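Listed next: structures, encoded as structure tokens.
Next come two complexes, and both contain subunit A; in the first it sits with subunit B, in the second with subunit C.
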Partner chain A sequence: MKVMANHPPLTDVVTPSHVLNNVPIHTAEHADSVPAPEGYWHIALPRWGYSFLLEKRALAVNIGLLIALLASCLLYLSLGSVPLAPSAVIPAVLGKGDMMTAFMVQELRLPRLAAACFAGAAFALSGILMQTLARNRLATPGIIGIDNGATAFAVASIVGMSVSIAPPAMALAGATTAAVLTFGLAAGSGTQGYRFIVAGIGVGAVFGAVTQLMLARVAIDTANAAYPWTVGSLNARPGGAVQLLGVGLALGVIAALALARSLTLLRFKDATASGLGLRVKARRLQILMLSVVLTAFAVAVAGPVGMVALIGPEIARSLSSARHVPIMAATLAGALVMLLADLAGRTLLAPIEIPVGIVTAVIGGPWLLWILMRPQRSRP
Partner chain B sequence: MKDAVTSLSSAMGSASRRRYAPRTWMLILLTALVAVSVVSLLIGAGEVGPRRVLGLLQGASDSEAQFIVWELRAPRTLIGIVVGIALGVAGALLQAISRNPLAEPGLLGVSAGAAFAVALALVLGASAATLRISVAQLGALIGCVCVLSVARFRGVGNDPVRLVLAGAAFSGLLGSLTSLMLLYDQRAADEIRFWVVGSLAGRRLDDLVAVLPSLLVAAIAVVIMARPLAALALGERAASGLGHHPTLIRWVAVGCVALLVGAATAIAGPIAFVGLVVPFVARAFAGPDIRRTLWFCLPIGPLIVLMADIISRVAVAPSELPLGVLTALCGAPVLIAVVRAKRLPML
Partner chain C sequence: MNNSSLSPEQVSPGQVSATPVSPTLATDALCMSYGQRRVIENLDISLPSGQVTAIVGPNGCGKSTLLSGLARLHKPGSGAVLLDSQDIQHLPARQLATQLALLPQEAVAPEGLTVTELIRFGRQPHQGWLRQWSAEDQRVVQYALDAAGLEDLADRPLEALSGGQRQRAWIAMTIAQQTPLLLLDEPTSALDLGHQIEVFELVRHLACHGRTVVMVLHDLASACRYSDNLIAMRDGQIIAQGAPAEVVTPELVRELYQVDCTLLLDPDTGSPLLANVRRVAQPA
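Up next is the complex of A and B:
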């Protein structure tokens, strides 16, 4: 009996000519003679001798997501234990208006907003990178155990030693360890099948148990301080980690956009990708490293909120066309999801705060089941 | 199918298996179980060490040691034995009916279903002690049926690994919902905080007595079911040709799994991976026959649970580890090993 059902590639089959349309055309004169394909704008910068194709749909999706994100930022800043009028929030952000409001917005809500946005964006970006790399839409860092690895090491740095080694550094070490373990243990079976995923679940279970082990060893106060790490919460943001995440995210987005064409090609078989001029192995390693670093920094801020890495890219893919890997859209959608989830967690059962990790798990669980159960053919 | 199972068992030291008959192995395992039970009485997190317990057994009067051994450690050991048997047998049954070596009550969300049901009942106002068992069993039944029906959906069931993934998603969801309810209702949270992590600490003998009837029912059902299950292993057609009813067998087995897992969860809380490891080891001793596997689950389940429990007492003394942590530490490598096997053994 045949056991493995190969997971189909992430997208429908796209003929290479579509892909080649996406390649920047380097001579402006040449570009003038060729009409832009349908659904694209041809942007030419003759002064720099550079031109490229801009997909109309991608632009619309990104602008739409950005507007939604800004609107929910406003909502996030105004809702809370003390509701504020949106009209009062905007001056407060700029440091004007009522002192109390300004304090609440600038000192309490704005840092948390930044943490939520950055962490969500980083999770979703690393998710879409990992999914594309593994050609498996279930292969998000959270599911294959990387979140748990980062968490275990970060918790070790909090309970074991005083804050001498910053949690982000330890989280990075943990994420790398988990990634090496999962990819190493799944070696031979490839990353496409579900075996890879279950090996990752096993690795994640080990690291989760290690986290519990460390929390059980320490005094109850320290354990309380470390509890948000096990479910994922924006309550305990270590100082400095958010700034580090912001810088890392900015660099990560730039790097991911630079890798965009490689990512698009990586969705094909290795033979096709290398035939189109891609150094598959080197690119894979770069993408993996980028994804691991982003996950680690995000975990250092928010704990294991892995479901965002599943939901964000799914939203982005369902909105975008199948021609590209929707990097920007996934990043924006991740920030949006994280923001709304944390807002819901803060306000729904107030004054009790639901950790954001629980909110995303409640949303993401059915989503994951749906992905598993829906017919294989109809993919966006 | 047969050589797949043999290759599985050869991973567990087939050379030594050839040297002894299964009956001898059974004796060895039973002896080991007795030894571990005695160790479980001797060792603890507190100040009463092996020497004082041995002195007590020789007739010295030591009221503190007497209380700790007979009121705390003896019930705990008994509960460990019962929980181990229940989870191990439930795992073997679930693996037999889904023909999937990865099917495990904890991984598939059956335990999570039971825990969720108990939390829901508490939040809705039930008091913990009386309702817990039947509610947990009902939750386990619903969880079991849910995840197995997902498995029937569009060929997920043909792929053992995919079923585990569905189960992981399902139990993750239920786990989050449970913690959500506990956040919402402080009273319920206080009542089951120590139960929901999965541990044998502080469980009373009354709980054990309360679940005994349902365990007896399950035991009788399993004894009757053993032959039909063995026939089902030959395939659905062969089973009906031999005069059995495959659908009926499956439903009765699902009922048994719900009774067993519900009972174990009601006493000890959700404990993952025991139902995976125990049948895995039992198959290595027993070979492909489900009847023999079930027999071997009887000593192996308690052995594993008791050993994990002893370690959980000693490792971080004077505090204790949740039992689920230790079972996950020893179960996850088994999970990875099964997944990594070149040909995933189909049952």
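Up next is the complex of A and C:
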């Protein structure tokens, strides 16, 4: 409290500065009487001078997506080669009830569920970061070659060493290499404009070819082991990668929320954002690095399921208002899409499993066409 | 806590209540380059406080580059932009944004924002993660809406506005930034005459209320009509500066734009008008 004494509630202090002399100065008001902008709740802690705005629609969207995600989780744990009753799944998650059910849920399905959720969330979060950075809805890490870079390096570690050494580290190295190359080739035109995207597509194609070349030159068994990497699958999750992704995702979400205000400003042109007090270059670099790291960790778990980075943010934007960049909604939507896609891949043609990357590509392809071809949308 | 070391005499009430002066913006031997090309060469200007300054000149004379230098969008090659004799390169971004607002050329807003939502962005430099909304913010946003005459359009999406209304909304955003200095880059370039006047009258209104406005303009006639101080640039150099009625001469117009003209004085406002504008006859 002593420390805070230097910071009286801001709303009680009306600075008689020259900046204000053209604004009629009313009597000091208390924070709790401040009307919130329309569509928001205003939460004020006048004692510390803190105030927060909570957008009603964002809250509703996030809660809705969270409920959908939880329901999908229950469905995901229930369905499979041995169907379980949802009523039996919940105690099993908590380690109670029938031993066999508990084993199946905890040892077999729960880890894969976590992998799907984390990877989907990370892909979508990195997607919305990159899209905001590039001011282009098509500029996801998958499209600008970062997924393929991460995959190529991870596959190299598998086919080269016969035992996979630290795929997350290799994926990170690959993702960084691809990002640096894409930037280098975009040569000074920065993250905006088509040059960046075209350069990224080229880099992605080269890394894709390198991956195929590596697979073509090794023994068929090794190639088989590395195959899930090339399409994206949750079947071959390297140990430790999921835990690392979980930690990375948690930190990534916190970092993205801390950057939320900057992201909102970055949707304007640089000159406007800079005029409003944003350190554009520094912020852009931070956001780029965050996006690359998230993609790398997600690729290390699930391979290049880049479509989620396109679909998740698109769902989030269509549900949200234009006032903010819907970071949380995109993250939740990404987890939801990945989970449902993997569930479909696991169950539709059982016992044959369709890799999740193929399911999302089958959904994502037409989706991409729709985004490109639908008329200019009007926002509510 | 250092305040305790000040004796009471040093903070006499008289000093505190004295009318504060808008900070001064000036350049000191400013040089700016665009790629390899030197665009601005050794420029020393001082922008009068509380007045409207218009920067005019032919295409490529460096006027927009100068404005971007003043707003710290581009780093000078050498020299400095001084805000109250302090180099703006050394100011924190947010602090600068509370002193100096910029309306870039052809500003674009994210799709779907309403007028009020755009204006609210002007409060950004005054806010933070832990201070997202205050009574002050509320008041200033309302003031900006009123000042720009946008009360009735407050909840309209920007896409639904006319060009002039949209430009006023952008200026309202910079008003909400509550900066004593306002830089406008060709604020009327895409507007028809009626909408131009809307914007210029708003600019005059702001200057009346003590703001220093600097605008880059294409149109010399509007610059004469609406500015107190005119800066004429050519090839990165200033060739004339002062009150429009004093500095604008047929010789200056010829030097700037390679045209001959007859200058008249507006019978109502006394500002110079260009008539019979024609290309300079090339010597054979």
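We take it that the second predicted complex is superposed on the first by the 327 of 380 C-alpha atoms of A that agree within 3 Å, B and C clash if a C-alpha of one lies under 4 Å from a C-alpha of the other, contacts with A are read in each partner's own complex, and residues count from 1 in each chain.
The criterion applied here is as follows: contacts are C-beta pairs under 8 Å (C-beta built on N, C-alpha and C of every residue); 3 or more make two chains touch, one makes a residue touch a chain.
This structure is a prediction, so every number in the text was calculated from the model and none was measured.
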Exercise for review: Could you look at A:M100 and tell me whether it touches subunit B, subunit C, both or neither (first, second, both, neither)?
Suggested key: neither
Check your understanding: A:A71 contacts which: subunit B (first), subunit C (second), both, neither?
Key -> neither
Review point. Can A:I201 be said to touch subunit B (first), subunit C (second), both, or neither?
Key: first
Practice item. Based on the superposed arrangement, let me know which partner A:P35 touches: subunit B (first), subunit C (second), both, or neither? Key: second
Exercise for review: Pick one for A:L213: touches subunit B only (first), subunit C only (second), both, or neither.
Suggested key: first
Practice item. Considering only the touch criterion stated at the top, classify A:R323 as touching first (subunit B), second (subunit C), both, or neither. Key: second
Exercise for review: For A:L59, select first, second, both or neither according to whether it touches subunit B, subunit C, the two together, or no partner.
Suggested key: neither
Revision key, fill the gap. Per the touch rule above, subunit A residues touching subunit B in the complex are 1, 3-5, 138, 185-186, 188-189, 193-195, 197-199, 201-203, 205-206, 208-210, 212-213, 216-217, 231, 349, 352, 354, 357-358, 361-362, 365-366, 368-369, 372-376
Check your understanding: Where on subunit C is subunit A touching in the complex?
Key -> 19-22, 68, 71-73, 93-98, 100-104, 107-113, 116-117, 120-122, 124-125, 127, 129-136, 138-141, 143, 155, 157, 174, 177-180, 206, 209-211
Revision key, fill the gap. In the complex, subunit A touches subunit C at residues 10-11, 14, 17-24, 26, 28-31, 33-38, 40, 42, 44, 48-53, 258, 261, 265, 267-272, 274-279, 321-323, 379-380
Review point. Where on subunit B is subunit A touching in the complex?
Key: 102, 150, 153-156, 158-162, 164-166, 168-170, 172-173, 175-177, 179-180, 183-184, 272-273, 315-316, 319-322, 324-326, 328-329, 331-333, 335-336, 339-340, 343-344, 346
